[in-house]
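What follows is a set of structures to go through.
In what follows, chain A forms one complex with chain B and a second complex with chain C.
Presenting the complex of A and B:
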């Protein structure tokens, strides 16, 4: 393992964490960091450092890192920029391996002293082999180590899962965290890169690919980077190993208007990035909601082997909405095999839509018929993935229980993406149980379900060579 | 022509393109004329329109015999961009009389900024595509594909890939544009020979990789003649 990898291993899985600038005052970021560590249930040693207090939130507080006297693995820094050089020298002297540098206000401000400071601490860190996340970051969370090294304790309410979010924007990371809470998405890590002192997308992606068994899907939010060529090489090297999906902002940026050629004037950075992503086998997704939905589907579904889908709906309308999105995104609403259609016809009256998309409405009261239809479609060789869309009605309240055993046993031999939707409190527990056991992946609208299914297919195409 | 990924088939000896570029740089120019640009393309086995550079009526008529009517005449000079706007292009010239009149007219409009008229075969084909290369500060040479002619600027229906392109990259970037159906067999037209078009894109990237001084290439339009792409106009910018 390279020094970097060892450093990042310690950074994400430290035995002890010191908080430089620990405090109890809510106006200090250090107090929120302390809350994150304590309330997040971190099992290792928490070491508050603040020369002006003896205890912080009931923990003995030290005046400096060296004052603690024992090995400290990782340090979270939330003190003003002017103290950083001293803090970094101390970290280097005492063998700290990782730093989360929350402090902001140097490279991003238009003042050359800020850039100098950035470079100075960068040199100290590189020389001592310290991996630094930040500066100007909210921090990072490793859900599998119950480590919330951020200034937002509420991140700990996100479920533990297999998606790693690597983001250049703190605000967007918070957005994803809160969206994940509402749509039952689990994360392995959330990493705010900030201004990237020595840990950039390239280092994190390589680590997540090679050294992080907790992560199955990489979800990236990127604004722009200095050395995209190197990152593309890393993506290519790991093509197909773990899905990588990315939302890159900047589509409104224009090409060089002064350019003499059409090619030059139309070559916006965004268009070039999109081409490069495609060549590197990663999937670009153009909005945040779809990015999270796609990550959820990629993490929760098996591979979509072909683009043939079946749509089974409890009511015709949602089925039609999903059809439109599927067709527009490269999926095919397939014709069923004859014997499949025969089995469906036995269980639905002729007045219903019995070919794909199937309207299962008339089978509402008949759990056996619903199951028979779903089973027939599961067995159909033309079908690569199934969308089930059921809106609650008082009369069909029993349908989820009626089909859940079948879905649990089938365990997505093919991707099963659903929009099974009801007023809050109804079906919630059943759906959560189905999702946790891997029986399906559920979304709050038929279009989002269909788009997520389409992302499975787009990803499959993206990695193929 | 056999088509294999990354393989390049040049018609001109290696170094020929260097000669053209060096000559232009020595004269302090940073653009190549249409004729020079296409010489470089053809050195990289990109199919270009049949054309002869002429400087007087006598040569014009010889060229017309060789290529055959109908013809296109274009004022040709590295100093002149936007030939259409300046009235320096005459299409569908049917006989010697028309050719002579067009030659004189173009000559006078060029206003001393050049003294050559390009005599071209009039390539028949309704579909116009664009291929190009731009050297990006971070990514290096990038290849563009899209709808050509007047639609290039209006619709901006384009896609990019980093050079070197593999065959698959070229195929994907053609499929990726919104108007990709234009490549299929539509309204009685043959489907575009995708292998040839892919090779054109691959080779365009190769020009960028092998010639540091070339910063931009426009091949616009690439007209689809029957099923085959032909570079009808081209511009190469040096840096």
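Presenting the complex of A and C:
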């Protein structure tokens, strides 16, 4: 393992974490960082550092890193910029392997002293082999180590999962975290790159590809980077190993201008980025909700082997809405095999919507018939993926109950994406059970389910091109 | 008022409602209808009709409509098709003005007896001046009369508001209802047209335009209709009176085929519909979530008088994401007036993102500075609409508190659309208060906020073209 990889291993899985600027005062970021570590359930040692306190949240507090005396694995820094050179020298002297540098206000400021400071601490870190997340980051979270190294304690409410988010924006990282809390998407890591002292997309992507078994899908948010060539090489090297999906802002004139100013790096020419992503086999998605939906589908579904899908709905309308999105995105609403169509016809009255898309509505108070229709379609060799779209409430919860065992036992032999949707409080726990056990991947609208299925297909095309 | 209008007034605001097929057995739709009426808090008289029961849910039950003896305003029918001719004859004899006909299984079935039945009861209804919602509908809800005339009691959980949904799909109506429950959107009416015996889009739209002060925005879901020309005339006649937005499925080959079969009416040629909508001054939106978001913005915002918008964000990333969507949809991220820019510069360090879009991040722990920036932009004459995008949690709830009074007092002098977003449980009640009081219109992603703002502009163009 390279020094970098060892450093990142320690950074994400430290035995001990010091908080420089630890505090109990809620107006200080250091207090929120302490809350994140403690309430997030970090199992290693937490070492508050603050020369003006003896204890912080019940923990013995040290005046400096060297005052602690023993080896410290990782350090979270939340003190003003002017103290950073001293802090980094101490980190180097004490053998610290990783730093999360929350402090903001240097490279992004229109003032040359900021760039000098950036370079000075960069040199210290590089020489000492310290991996630095930040500066100007909210932090990072490794859910599998219960390590919330951020100033947002609420990130610990996000479920443990297999999606890693690597993001150049704290705001977007928080957005995804809050979305995940509300939709039960699970993350392995959330990493706020900030102004990237020595850890950039390239380093993190390589680490997640080669050294992080907890991560199955990489979800990236990018504004603009200095050295896209190096990152693209890493993408190409790992093409198809784990899905990579990316949301890059800057398609608009003002968005691109803002991107250039904000990141202090080359943005510009959205089309060039898009072309590079295509060549590198990664999938660009221009909407945050769709990015998270797509990550959820890629993490939860097997590969979509062809573009033939079946649409089974409890009511005709949602099925039609899904048809429109599927066809517009390269999926095909395939004809069923003859024996499949025969089995469906046995279980539905002579309605018009017995061919794909199938409106199961007329069988909707008959769980056996609904089950038979779904089973027939699961067996159909023309069908590569299945969409099931059902709106229900207390009046028809019986049928949803009646098909849940079938879905559970089928175990996603082909991608099964659903919009099974009810008022809050109805069937919530059953749906959570089906989702957690991996039986299906559920979305809150027919179009979002269809777009997620389409992303499976677009991803397959992206890596095979 | 025409007979039709009088009939629809009674239909939506009845003093007495009979339920034909009332039951206590949960496997019967009539039991769910009874629950809807009772639990929905209907204040008028509820008259269960069922020849095999003496009481239903504690209410005296009659063997038939005529058995009740007195005048009945409206009747909800949930009995098999074979009983319908008799039921309609009794309704006609008893002076019933409105029927919600839930019973399914005739015109949509591939069998000529269904069409005959449809025509027979249609003649009885027309001759007696009875307005019929359905057949093959889940029902309708008039939230301002606490009248839930549907088989889904949970619809009563949707908040009272000013958006009317008129829908050709029960599934899509339920979808919107469930979305509304989760996002606090309020409805005036939800009307499931079903197979449209004598009440079609045209009748309902005309009624909502002319005779329903509770409704400010019309939101339509359409698969295909027999006589689009008549509806388009009504749209044109009322152009600009109340916003009309529509989601029409069938843009795909399979979606369109399904639409033709399912509605038993002419669908076909999506582009022709789109052209007709454009000419009639109504806005077509091809996604259910975006349709509801747009309705929410149209109901909650004043008119967007020009396409110049300001984007103010708590973090740069969400602002850039919004820029991309705004520019792609015809909005302009305008330059501020000189004195506005001066006021902003006084309140932000010399960051790059002080011009539009403004990253308020560096003022993010300073409520006074954030307020000054927002005030300056509110006063700017170049700015027609404002987007505020803030992700926050416990660490920075103070600033959001600090700007809420300003938003409250400003009272949407120009459209103010936001994505102010936090983990569940943080600032929920404050946000609900701001939304209910009409101070802002909030969405769960920067792109959705931007698309909603864009819909205000697209609607203005639609009516002025």
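Note that in this section the second predicted complex is superposed on the first by the 445 of 465 C-alpha atoms of A that agree within 3 Å, B and C clash if a C-alpha of one lies under 4 Å from a C-alpha of the other, contacts with A are read in each partner's own complex, and residues count from 1 in each chain.
The definition used in the following text is that a residue touches a chain if its C-beta (ideal position, glycine included) is under 8 Å from a C-beta of that chain, and two chains touch if they have at least 3 such contacts.
As the structure is a prediction and not an experimental result, all values here were calculated from the model.
Asks: Which partner chains sit in contact with A:271 here, chain B, chain C, both or neither? Use first/second/both/neither.
Replies: Once the two structures are laid over each other on A, A:271 reaches chain B alone.
Asks: I'd like to know which partner A:320 touches here: chain B for first, chain C for second, both or neither.
Replies: After superposing on A, A:320 lies in contact with chain C but is clear of chain B.
Asks: Quick one: is A:172 in contact with chain B, with chain C, with both, or with neither? Answer first, second, both or neither.
Replies: Touch partner of A:172: chain C, not chain B.
Asks: Applying the document's definition of touch, where does A:229 land relative to chain B and chain C: first, second, both, or neither?
Replies: first
Asks: Kindly classify A:6 by the partners it touches after superposition: chain B alone (first), chain C alone (second), both, or neither?
Replies: neither
Asks: Between chain B and chain C, whom does A:463 touch in the aligned arrangement: first, second, both, or neither?
Replies: Neither partner.
Asks: Could you tell me if A:261 is touching chain B, chain C, both of them or neither one (first, second, both, neither)?
Replies: In the superposed model, A:261 contacts both chain B and chain C.
Asks: Quick check for you: in the superposed arrangement, does A:59 touch first (chain B), second (chain C), both or neither?
Replies: In the superposition, A:59 contacts neither chain B nor chain C.
Asks: Between chain B and chain C, which makes contact with more of the residues in chain A?
Replies: Comparing chain B with chain C, the partner touching more chain A residues is C.
Asks: Residues of chain A that sit at the chain B interface in one complex and at the chain C interface in the other, please.
Replies: On chain A, the overlap between the chain B and chain C contacts is residues 259, 261-262.
Asks: Could you list, by residue number, the parts of chain A that touch chain B in their complex?
Replies: Residue list for chain A touching chain B: 226-229, 232, 259-264, 266-267, 269, 271-272, 274-276, 278-279, 465.
Asks: In the complex formed with chain A, which residues of chain C make contact?
Replies: Chain C reaches chain A through residues 27, 29, 32, 35, 104-105, 108-111, 151-154, 157, 167-172, 174-175, 177-179, 181-182, 221, 223, 247, 249-255, 258-259, 261-262, 286-289, 313-321, 323-324, 326-328, 333, 349-353, 356-357, 359, 361-362, 365, 389, 391-395, 421-424, 426, 444-448.
Asks: Please output the residues of chain B touching chain A within their complex, sorted ascending.
Replies: Residue list for chain B touching chain A: 31, 81, 130, 132-134, 136, 138-140, 142, 144, 146, 152-153, 156, 158-162, 168-169, 172-173, 176, 215-218, 220, 235, 237.
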